[in-house]
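Below, chain A partners chain B and then partners chain C, in two separate complexes.
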Partner chain A sequence: MSFTRQLFLVTRREVASLLCMPLYYVLCGVFFMLAALVYLQQLVVFSQGGQGTSVNATDSVVVPTFQMLHFFLLIQVPLLTMRVFAEDRSNGMLDLLQTMPARDWAVLGGKFLATFLGIAIYTTITPIFPVVTGMMTIVDWPVVIGSVIALLLSSAGYVSIGLLFSAASESQVAAAVLSYVTLFMLAFGQAFASASNVQALDDAARHFTVTEHINGLISGNIAPMNVAYFVVMAWVGLFVTARLLEARRWRST
Partner chain B sequence: MQTRSLWIRAVPLFLGFVGLAMAVGLGALNGAFMTWHFAMGLLSLASIAGSLLWLREVRWRDWAASCVYTVFFLLALALAYLVSANRPQRFDLTRDGIHTLGAQTSSILRRIPAEQSARLELFVAQKDRFAAQKFLANYQRLAPQLSIDLYDPKRDLDVVSQFGGNIREGQFFLSLFDADGTMKRRTDGEISLSNGLREHVLTNAFARLLTDGKETIYWSSGLGEKRLDKTDDSLTKVAEAIAAGAVNIQEFRLMEGRIPADTAAIVIAGPRRDLSDFDFELLKNYLDEGGKLFLMLDPMFEERVPLPNFEKLVTGYGLDMPNEMIIDPLAMSATRVTTTPQAIWAKHPIALATSRVPFLLDRARPIVSQGKADPNVKLEGILVSNEQCWTEPVDSMKSFRRAIPPDDVEKVTNQILSVSVTKQTPGGRWGQRAKIVLIGDSDAFTDRQLATNGDAGAFFLQSVNWLREREDLLQIPPRFVTATPIALTTTTAWTLLGTFLLIGLLITVGGSGFAIARRRMK
Partner chain C sequence: MIEVDGLTKHYGPTRSIEDVSFRAEKGEILGFLGPNGAGKSTTMKLLAGLMRPTAGSARIDGIEMQHATPAQRQRLGYLPEGAPVYGDMTLDGFLRYMAGLKGLDNRQAKSEAERTTALLNLQKERTRLIGNLSKGTRQRAAFAQALLGKPPVLLLDEPTVGLDPSQINDVRRLVRSLAGETTVLFSTHILPEVELTCTRIVIIANGKVAAQGTPEQLVATIPSEGLARLRGSSNIVNRLAAELPGGSRIKVTWSEGEALLTWAPREGEDLRPEIARRAVPAGIDVVEVTLKRARLEDVFLRAIGKEGSA
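The block that comes next holds the complex of A and B.
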């Protein structure tokens, strides 16, 4: 069986499993409602000419909404990824998959793609907010498209980190906790580095942490570095997970 | 035995953590992270990962191969990131290009001669350092001769003292050096890094730096014009803004009988008395020799003194400025009088260099084309009124606090508020082209009105720059993003909230029901 076929079968199985999970829909609904509340709050403040807001609706409503959406994604991703390997391990499916002629990368890729698709469905709902704004005023559509791409890129990175910890730990709770610790360090490490008052640490943190990269992308300033950051993050997560799966095979032989 | 083996296997883990701490610590001590710091950090991480595998009793050969593979792969990824981090390309997706430096900035930076160099010394707090670096990198991309030094005003006290102490955050010094390293000129300024409105400040500093300061704008006095005496009715602020561009401003009287040789332009701001015949000839000859004139001719409302020689000067270029007043009925809502027409920008090089924010004129004289086209004269509109305006002679005004439209509805139309005149004057003493900017009001630019009057200041400044033929060094205004207001009613807000919450609930309940049903089916 070709790698593509293996990848497709694993992805299909994982997507089906995800769509049979009530938690997925609960998370999706909560994500949407939270996003709607944030959006409406920004919209009301902007329409009333609130202090500190720009005169531009894209700057004051759309961009802050997407920044918050990114934060909500960061919270939700570990809840979806924690079960991916841990659940399979507990019910023996992982052993079954690894003894089958499926390659580790096909298993991993399939699980990654399925979870990423699940998150991408969240993300495809988000343009509803700029569309509503666009019905009331002019919106910078390229910035909106850039923001959606930013959410997708960051989701890919976070999913791979979540998968890494799901593969590394025995329990789902441990996987979620470790993912949260890592993702929050990536998200807020910049603040700690700035507080340390060490210039070099601050400079390095700007490369390693998410803040600069995601804010650049969401605000419509696309730099190769920002895109590369999330691509590299996704690859690092996937690669280390693949190594963990490989190591599991060695241990079991 | 087993415990001992465990300790041995923990050594790479320990070394990995030590290596990681050293990479971060040494980088921090050095004040900058080099490539080898990153490499060391990645090797340490690989060592940690590898030893964790070893601790879990993974076979040595597999572990080693995996480690090498991991290190190379991670290094390749780190390299890819570093390469991308050094790429200067940026894609600015915003409509207003807020992440990109404007075309005028590029134009001004290109003026730095290749053999000269510029140095920017900016005092910036540590928290703003990265933002400053990112912002200034755009300048460096456009001007490779520019070197940038960032200092912390609270830490780099020796540098602060070199600049005389008492340095604020955001303050900068910009110097221009000759090829031999001799400082040619220096200018300073202050930018705010907390908001996006900083490009114009720095770019204007470059414009000042590249202006040699040998030009003089002569400010006419003696005919009751607006002065530069710092009173509310003076034009001191706009004059100071011009002077900030390294141009001398000097008051002079036409009746002195000669136009100085270093005249870049003459400004006549709202005269209350007419030119003498001698002054008229002097000014006319000056213009015929390629002179530059900025003429603000108010309607003579209180004085009721005619200004025939000024009007005759204008007539010579196919224009007429009758002693009438523009009536704008739409101005009533803002100013409660009809005599403050809103000036709307037309397509003109002067307008291109501003944010094109409309501003109000205060009792404006109309400018009318006589329709006689002189092939040597080029007329271009700079400011027009809205299409609801008409004019009334000052002597028989009917509208003031109440708009009384004229019987002839065809008179209700856009009125020309400001025009530029360009006339070819080959071999002229003051240039190859005579240039005039005409506007029927001078009150809009007074210190009293300037701060709250849209782009009135920008109009004045850019007009002077256009006259000086230094379009490439136009002082640029702050860049503003397009205003896209939203009128949100309470009903709309509640409707949106209800709809969104309903959609969210539908996703949650419907989706969960679907998932449970599918599980049961399975």
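The block that comes next holds the complex of A and C.
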């Protein structure tokens, strides 16, 4: 049996399962409601020429809106990933799946793709805000494209970390808490490092935490380093999760 | 074929199973009987390749499932304890999904889903969400999953839990019908289950194999017991017991005015007619005189160390 078919089967099942989940629609709704509020607020401040606003709508409206959307994603991803493996572990389905001819990577890849697609569905609708802005003023489209890519790439990275903790824990709550701790450290680690006034720590944090990379992408700087950061994050998360799944077969206790 | 050899599994300091050995030949239905917590599910998981044994080996068709290739895993059907299913899928969708993961193409998956639902009388439930089905139906859905692709080896961990008597009968009949073609390891803590379904039995207690063999072989390990209940004067009854052939082996106990005589008969010996012949002329009422043959339940209780509690 081909890996692709296994991957397709698991992805299709998991997407269907996600779309049956009321929580998914709640999160979609909350995401758009907050996104609209943030956008309107930025737009009002911009149109009134408020203090500190630039004359550029992209910098004043689009970039801050996407920065907030990234933060909302950070909050939402663990809520979507916490159940993915934890539920299968607690109801015994993971044991059953692991006795099947399907490979661990197909199961993991399918679950990852399904969750990522679930988030991508509403992430790719976010350009509606710059489109509306573009009707009124000039928008820098490469920045918009960079921002959408930033949301998609960061989603992929965060989903892989969420899956890792979901696979590591039988409790969904524990999986969510561990994901939040890790993602918040990645997101706000640089702020803490800067506050410590230790230059080496600050430099390291700039490379290893999310802030500089996400801000780079959102401001339209689709540099290989920024893209690679999230690709590597997703790969490392998936790799460790695959090892965790494999280790279940070799556990001695 | 299933081969378990010196299988041992410790969870940290806790010993789950110790030096468990047995085998099931091709086409044999082997009952795996033991009280709750005896180590049945652990043995099943080790056989399915879900855990690493502390010592020993568990092989299916000569292969340890932990090292099995996807093609080799296709030879195993597994119904884990708790009968896991996806509640958010329809029964048909679930079976076709699992058939797909077992390596069947779309056409085969469809026909296998139809075949297994028919085998378990689930045709009416095919389009219903599994989460809305009764516990018994979910259990049968999980069983149907294990049968997908006609695997030559089946591990069934408590397959009748949650079923009503009619469904239990159906499942037993189905398992019996697999004999000859499929090697089945049938785990249960319910005695009649193995008596009615299995050709051979392994009894596990406290993580160790306590007994194994055919039901007849196991029953033969416990001698029959002669039993007579008599009413009359204690002097006369005691004298009668002492004067019977082999009287020294007869134990007399009194309860509520009745004497209970028990003895272990020797080969070809039957004291029952002699007791009746001597008791009546002596003015003793014979309430009951019988030869109690051992049952599988006695074997089980002795194996798990609760002899005499039946």
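To be clear about the criterion, the second predicted complex is superposed on the first by the 251 of 253 C-alpha atoms of A that agree within 3 Å, B and C clash if a C-alpha of one lies under 4 Å from a C-alpha of the other, contacts with A are read in each partner's own complex, and residues count from 1 in each chain.
Note that in this section a contact is a pair of C-beta atoms (placed from the backbone, for glycine too) under 8 Å apart; a residue touches a chain by one contact, two chains touch by 3 or more.
Bear in mind the structure is a predicted one, so any value in this text is a computation, not a measurement.
S.K.: Just chain B (first), just chain C (second), both, or neither: which does A:28 touch?
M.R.: first
S.K.: Is A:145 contacted by the first partner chain B, the second partner chain C, both or neither?
M.R.: Touch status of A:145: first partner only.
S.K.: What is the contact status of A:44 with respect to chain B (first) and chain C (second): first, second, both, or neither?
M.R.: first
S.K.: Counting residues of chain A touched by each partner, does chain B or chain C come out ahead?
M.R.: When the residues of chain A touched by each partner are counted, B comes out ahead.
S.K.: Return first, second, both or neither, reflecting whether A:103 touches chain B, chain C, both chains, or no partner chain.
M.R.: second
S.K.: Going by the contact rule set out at the top, does A:162 touch chain B (first), chain C (second), both, or neither?
M.R.: Neither: A:162 stays clear of chain B and chain C.
S.K.: Which holds for A:20: it touches chain B only (first), chain C only (second), both, or neither?
M.R.: Touch partners of A:20: chain B and chain C.
S.K.: Now for A:198: first (chain B), second (chain C), both, or neither, which partner does it touch?
M.R.: It touches chain B, and chain C stays clear.
S.K.: After the superposition on A, what does A:56 contact: first (chain B), second (chain C), both or neither?
M.R.: Only chain B is touched by A:56; chain C is not.
S.K.: For A:223 in the superposed arrangement: first (chain B), second (chain C), both or neither?
M.R.: It touches chain B, and chain C stays clear.
S.K.: Show me the chain A residues, by the header's touch rule, that chain B contacts in one structure and chain C contacts in the other.
M.R.: Residues 20, 250-251 of chain A touch both chain B and chain C.
S.K.: Within the complex, which stretch of chain A touches chain C?
M.R.: Answer in residue numbers: 1, 5-6, 9-10, 13, 16-17, 20, 91-93, 95-103, 248-253.
S.K.: With touch defined as at the start, can you tell me which chain C residues reach chain A in the complex?
M.R.: Where chain C meets chain A, its residues are 10-12, 45, 48-52, 54, 65-66, 70-71, 73-74, 76, 78, 80-86, 88-89, 97-98, 100-103, 145.
S.K.: Can you tell me which positions in chain A touch chain B when the two form their complex?
M.R.: 19-22, 24-26, 28-30, 32-33, 36-37, 39-40, 43-44, 46-47, 54-59, 61, 132-133, 136-140, 142-143, 145-146, 194, 197-204, 206-207, 212, 219-225, 227-229, 231-232, 235-236, 239-240, 243, 246-247, 250-251
S.K.: Give the list of chain B residues in touch with chain A in this complex.
M.R.: 24, 27-33, 37, 49, 53, 56-59, 62-63, 66, 69-70, 73-74, 77-78, 80-81, 84-85, 87, 89-96, 99, 126-127, 129-130, 480-488, 493, 496-497, 500-501, 503-512, 514-516, 518-519, 522
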